[in-house]
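What follows is chain A paired twice: with chain B in the first complex and chain C in the second.
Take a look at the complex of A and B:
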């Protein structure tokens, strides 16, 4: 475990050192979960930033909140909150799902109308009534099943 | 160490140690490693010493923090205290704030860890003049 982590760290460092850093914003790849990246975000400091960096060498209590935030932004592109922010991608995913389900529904309806032939006559109500009567006459499953639920005395289904 | 309580995973070496100490007569031989297992206190002490190096350089700070955050635990306040002081020696306020953000993130769903850490670190934060991410409004978008 330690060996694989060492390997992965070596691998990651190799990647980050080989990436060329352009002025202002490096192209450094953000490692999976390294809170302190190798390369700071802003590489070429403006005059204001340089003077701020000098002030950082003194007491930090003298720095205002804006200055502290500015120092943070020099080193890091995004705060943890910004980094962990979710995208709104899930909305597109749900929308896509509904869209394709809808499309499928249209296809199914079209198929029913234009592809499938008529349903067999055995599904008609009249046929079914005669079929049920025939099954009852034959005493289909008279013990616990079909005919067992029919009340032959009163000629109706048992309650 | 704020270890996940329910975990008996391989990364939880200490939990393995605890079960071993209760283990009486071995009925069947097990293939446990014979490596010496580090206690919590030794772990903490090692990391405090690492960050306490007077002439620590920026790379060592980054490497140490990244490694520490890679572990399956939230570091003790004393380790963080040592790390924050290392940031002070390196004149790196941004990393100090980043460390606080990282341990909050590391606590995951256990929302009570971070306030405790801040409470324990409060004297150091005041002494060094480090603002928490919350003070700077950086914890929200």
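Take a look at the complex of A and C:
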């Protein structure tokens, strides 16, 4: 169990989670503490890989690009690009958000129908008409506001 | 090839020397914009309104509409 965990951790390139990335504001504690020593990704080398490891002991200039990549893949599970790529988790997050907002909407509709009583009579159209007429009679905000928009000569709203 | 030593001191001062004049300038601009975009037109609107205001006529209109409690509409 620990061995498999060690392998997957090495695949995360332990260096990338060290202080150089995380310690922007001063590291007071070490997260991702891993007491196990780093182990290369592929532990059981095939014959080809073994001979490649021998070749690695010599001059690296003789290594072709494919061999260099093969050596990398022996030591590490993922490249930096593979390791850093984002997940598609955000889609689930957005979907969950919409779902719960929708559920909340249903709850609100139910509440409106079955919980809240009727609205006061002051919201009826006739009441509102009388209210507006009284406000105009009192000259509410006659300079720049409410009554300023009413044409008192022609008894209609200014165009 | 080693890199140059980064600035270790005076970072806040440098930031302030850069940002404070900008902040002051922008604040003055905002204040001026509000003064000449909002308050001056508003003062002018009030001045114009009351230049043409006939107090007695407006009072009588309001009185006839029945909004006062101290005076009833004319003819009651």
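In the analysis below, the second predicted complex is superposed on the first by the 101 of 159 C-alpha atoms of A that agree within 3 Å, B and C clash if a C-alpha of one lies under 4 Å from a C-alpha of the other, contacts with A are read in each partner's own complex, and residues count from 1 in each chain.
Everything below uses one rule, namely that a contact is a pair of C-beta atoms (placed from the backbone, for glycine too) under 8 Å apart; a residue touches a chain by one contact, two chains touch by 3 or more.
In this text the structure is predicted, and so the values were computed from the model without any measurement.
Legend: residue contacts after superposition of the two complexes on their common chain; A:143 is shown touching chain C, with no touch to chain B. Judged by the touch definition given at the top, the superposed model places A:152 against chain C, while chain B stays out of reach. Applying the stated contact rule after C-alpha superposition, one finds that A:95 touches neither chain B nor chain C. When both complexes are overlaid on chain A, the residue A:75 reaches chain B alone and has no touch with chain C.
Set against each other, chain B and chain C differ in how many residues of chain A they touch, and the higher count belongs to B.
Once chain A of one complex is fitted onto chain A of the other, the partner contacts of A:103 are absent, as it touches neither chain B nor chain C. In the overlay built on the shared chain, the residue A:132 is in contact with neither chain B nor chain C. Within chain A, not a single residue is touched by chain B in the first complex and by chain C in the second. Contact residues on chain B toward chain A in their complex (touch as defined above): 10-11, 61-62, 65-67, 69-70, 88, 91-95, 97-99, 101-102, 104-105, 128-131, 133, 135-141.
Chain A meets chain B in the complex at residues 1, 5, 9, 31, 33-38, 40, 56-57, 59-63, 65, 68-69, 71-72, 74-76, 79-82, 84-85.
The touching residues of chain C, when paired with chain A in their complex, are 42, 45-46, 49, 58, 61-62, 65-67. Contacts from chain A toward chain C in the complex involve residues 134, 137-139, 142-144, 152.
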